[in-house]
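See structure below.
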Amino acid sequence: MEEVKSNDSLILYIQNLFHDSADLVVHEVSWKNEISIVCFYNTMTDSADVNRQIEILRQRSIDDFPKWEGTAASSVGAFSESQLIENVTHGFVAVFFPSTNLLMTITIPTFEVRATAEPDNELVIRGSHEGFVESIDKNISLIRKHLSIPDLVVKDLRIGKETNTKVTYVYIESIADKEVIDIVKTRLENIDTPKVYSIGQIEDYLEDTVWSPFPQLLTTERPDRVVANILEGKVAVFMDQSPSALLGPVNFFSFYQTPDDFNGRVFVGSFFRILRLFSFLIAIFLPSFYIAVVGFHSEILPYELGVKVKTAIQFIPYRPIIEAMIVELFIEVIREATIRLPAPIGPTIGIVGGLVIGDAIVNAGLVSNLMVVIVAMTAISSFVVPSVEMNTTIRLIRFPFMLAATFFGFLGIAIGTLILFIHMMNRSSLNQPYLSPIVPFDPSRFKEVFFRTPYYKNNQQQKTFTFRAGKRKDGEGT
Amino acid sequence: MKKIALVCIVCSFLLAGCWDERLYKELTIVPLIGYDGKPGEWMGYFTHTSIDSEDTVSYTTVEGSGISIEDARLNASRKTSESLDPSQILAVLLTEEAVRWDLVETFDVAYRMPRSRLSSKLAVVEGEMAPYMEKTEKMGLEPPNYYDKILATAAYHSIIPDVDIQQAARYILDDGVDLDLPYLKISEITGTPEVAGVALFSGKVFSGHVLDMRESTIVQVLKKKPGKFTVFSYEWENEGVKYPVTVELDRYKKQWEIQKDKIDVTYDVKLDITSFPADHLDEKKRRRELEQFLSKKLTQDFNKVMGKLQEAKSDPIGFGRVARAFHPELWNKGEWPETFSQLDIQVKVKAVITRTGIID
Amino acid sequence: MKISLSRVQFFLLLFITQTGSSFFSFPSPFIAATGRDAWLIFIVAGTIHYLLLLLYEKNYNYFSIGPYIGWLYKGYWLFICVCYLAYVDYTLAVWGFPETPPSIVIAVLVSVSLYANLSRAETVINLSVILIPLILLFMIFLQFAWKEFVWTNIFPIGEATGKQWGIGLLKAQIAFIGMELYLFFRKYIDMTQKIKGFPLFVYQSVWLLFFLISIFISLFYYTLTGLKMIPEPLLYLLKSQEVTFVERLDLFFLYIWTIWTIITVTIISFVALYVHRLHAKENRKRDTIIWHLLLIVIPLFFLTKGSVEKLNDVIIYVHLTFAFIIPIIVITVNRRKVK
């Protein structure tokens, strides 16, 4: 910056830099023996706060404090245009001293932040009712509140040339796996896209395989869930302006565990954990089982049940798969519609869709009432999983199973199960086995999957696919 | 392009269905079958369901004839709108004529084809088959359910063995034991089929001998495969007055002593008194008398039944199994039914009263 | 590719391969050949199995093979896979899929193995985990027949003639098939875990118990004449069981057994391809696909009752060559070399 420029032209220059934005404030402020230019967005920073800060600083300079520029809210550095732009766009106040060519930054951003209400899609009965909000600082503070330890490390970086979005990853130094942190770091740094506006985009970059129906990172809006997971050695990734955190590396079974498990009694927690895993099986297999029975293996029905099934389906014009597809797709449509509908109408449409149309469709003879029962049970079972992503996944993968059952009956289901199993074994989350403790096979850890064990031990995710190479030694996780 | 081709192929499957698909709505449930005839000339009666409208089920019987029972089924299938599916048969009835031939050969199709149901109940009927397939007023239920229920109830009361097609084959193929099948006849009073006892088999075929309900109950006890509820009733005489006494079998032990040419059989039975108007069971003497009386009566009856079994050359109790396993000299004498019929078998029953009910 | 196994993984792998296809088909011909004393003969055969395992354990370090023997083994494994696939397809055709073209059924079965073998090695090694609950379920449901067992069926003891003993010991080899994998995988086990002694004995006992149970159940449930008519006695036993909630338990277990066989084929294919890669390092994907194409095509020639039976007879002698003779020769030669 050349000194010949007058302050007025300087102001004009800065205004040009920000394309004359209406919310930009650029004006002169005089100090003890010099004049500076203050620059900030008044939509991101409260002008009265700025005045107060400047007043404090001015007082310090009048009192001749050594290093008067440095306070808890301000710092000083050499001026550069890019630094100025960065400071202002982040909502900081930039104070430029043309005479000494220094740039003082005052960090007093104020954003509108929603209250930390409980997230709607992850309700718990007991336990904390806090949820993340759209501010990264607030979110980190929620975690810090839970964990008052110096080991909690927060690292940020900015990605996306055009959006310049702040992304933060959080982990506990002593517990987390170095290898995992490196992977997260490199993958985040390698994100090479101009625009980042949703955490889903980051998820795609962080996942090992995008071409899989299974989510490989756990998304949550609950601070307690994040805390529980980073205590197990996981890494949480936050993005500014997103209330969701991504947790990894996770295994398949973590999607079936909720923070509520540990709020309840041992038996209760274990019972519901097993129930959830059981409902996974129902959600995937029930419609295909029905199709296989009605289409191939009717001999497995006992006589009394057989007569009932036969009366139900005798006058249905369609093949079982078509019948199933009609109801399945119909349920999916109702579900999709109720999400979009405003809250007061949603339940009404749900009832109209579910009860009225469901009943009418049976009376019209398009599908049998048995099919409706089965699809309804399947739908309910699929909603048991405490994770939205996994829920959509299991609703999706039952369709291939229905097709397999149409072609080969039980054999199709058996083959499908094997392929699904192989697919899941091939998956990994941040290079850690997805189906641990089944792969690598470690029977001693099975109980943690199926039961809510009484002691909350911090178990690290299995490190590698090869047995033992990275198995946690006892006591290491403290 | 490849993906589109793949999707097209998958969709075409949806329209066409698969090679081995057997849609349930295109099959007819056959819950009751009756067979009459002999090898080469089988006559089958198939009671099948037909669903007329949304929720009414009715039962009709079609007849078919052929050189085997499978042929008879196919013959009958042509007379119905859908194919007769043998996978949900509740009961199979056979005439006395039909069981004079090796059952395992007759039912070859049932054992050979994977779709057939092996746990269907088997029973032999007296006389012609046709009247058994008709619904009578007194039945209350449809014939298939009726036979299923009366056979189950009779087995529960130890009157008949609980035998299905698979077990029948096991008994027939086992040289050491003979089959006894439930025997049904049409009651003279009500005109409704009812359980009358068991038909005794000798070797692989029906011996022509039939036991009545009382005797067949004893056979089930002798086998040590009683149902849940086994009852005996006798008239007990005391000082010139006759009192009925009904006892229920509680637990019992059997002891077989097989020797070279005779078998001593002892049954230690524990009985519960369910009806005894003479009362005074709290007296030790009274109980002792009653026990002696029951022991005597039961021993008599058991021996009588044993005599009938020997006469029929039928060993449903399975002495042959033990003889084959542990007494080769006896087993190797000749054909077991012959050997069995000539053995000197003495049955001894020792009755002990354990419970007397809630009054003395 | 480097693999490392834990003790449990190793024994599970071995167990699944050994029981794989043979579990259902084994009891009937074995008991038909030996009569009532089948269980006694099998216990003796089990002792031979144990001795062989001990021999393997002692000498596995000397078992290193060159490309020629490698090719022999690859041929052997191809043969085993073909036998298993032909048998499973024949059984499936009889029990449930008479109309479906065999090529399609086999292609569907083999596609699973292809997918697993194109994945990482750990997938194949751990694939058998899915069978643990299924096998337990299977054993539980077999006990439903408990009350119909006839204990006297195994008496009198000791009737078997010398000839029956001879044939019996030979037929018992069907239960041994797959044990040669011991030699191939043993060296990858984690060094800190003990195999010698007790763990090996536990494995041997589990294996012996498993087959003995199947023999005992067949003997108790069927008469000798009945058993001769039924090629898959355990499946037939499940078919005749009546449980309240569902008829035809056998159907479920038929498909469980199918999964079992597929996994066995997958594991054997994995070993074959692994041995192949020791010598031919390139074109991993191409070789895997060629191998599986062979698996689809060859079984199609052996789908009649006659050829399935013939394969089951021949397999014993082929197995003897590859589990006894060749390992012993290789080990002796290598021991000499070392000295």
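Think of it as A, B and C in the order they're written, each chain with its own count starting at 1.
Operating definition for what follows: a contact is a pair of C-beta atoms (placed from the backbone, for glycine too) under 8 Å apart; a residue touches a chain by one contact, two chains touch by 3 or more.
Predicted, not measured: the structure shown is a model, and the values here were computed from it.
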Chain contact topology (line, ring, star, complete or other): complete
Innermost chain, taking as reference the mean of every protein Cα atom displayed: C
Farthest chain (mean CA position) relative to chain B: A
Approximate Å spacing (C-alpha centroids) for the pair chain A, chain C: 46
Centre-of-Cα separation between chain B and chain A, whole angstrom: 65
Centre-to-centre distance between chain C and chain B (centres being mean Cα positions), rounded to whole Å: 40
Shared-contact residues (touching 2 or more other chains) in chain A: 296, 299, 301-302, 408-409
Sites on chain C at which at least two other chains make contact: 96-97, 100, 247-248
Sites on chain B at which at least two other chains make contact: 18, 20, 87-88, 117
For the chain C and chain A complex, residues of the former touching the latter: 2-6, 8-9, 12, 92, 96-97, 100, 105, 108-109, 111-112, 115-116, 119-120, 122-123, 126-127, 129-130, 190, 192, 244-248, 251-252, 255-256, 258-259, 262-263
Chain B to chain A touching residues, read off their complex: 10, 13-14, 17-18, 20-25, 27, 29, 31, 49, 51, 54-55, 57, 85, 87-88, 90, 115, 117, 144
Footprint of chain C on chain A - complex, ascending: 296-297, 299-302, 408-411, 413-415, 417-419, 421-422, 425-426, 433, 438-443, 465-469
List of chain A residues in touch with chain B within their complex: 293-296, 298-299, 301-303, 306-307, 309-311, 313-316, 319-322, 403, 406-409
Interface residues, chain C side, partner chain B - complex: 94-101, 148, 150, 152-156, 221-223, 225-226, 229, 239-242, 247-248, 250
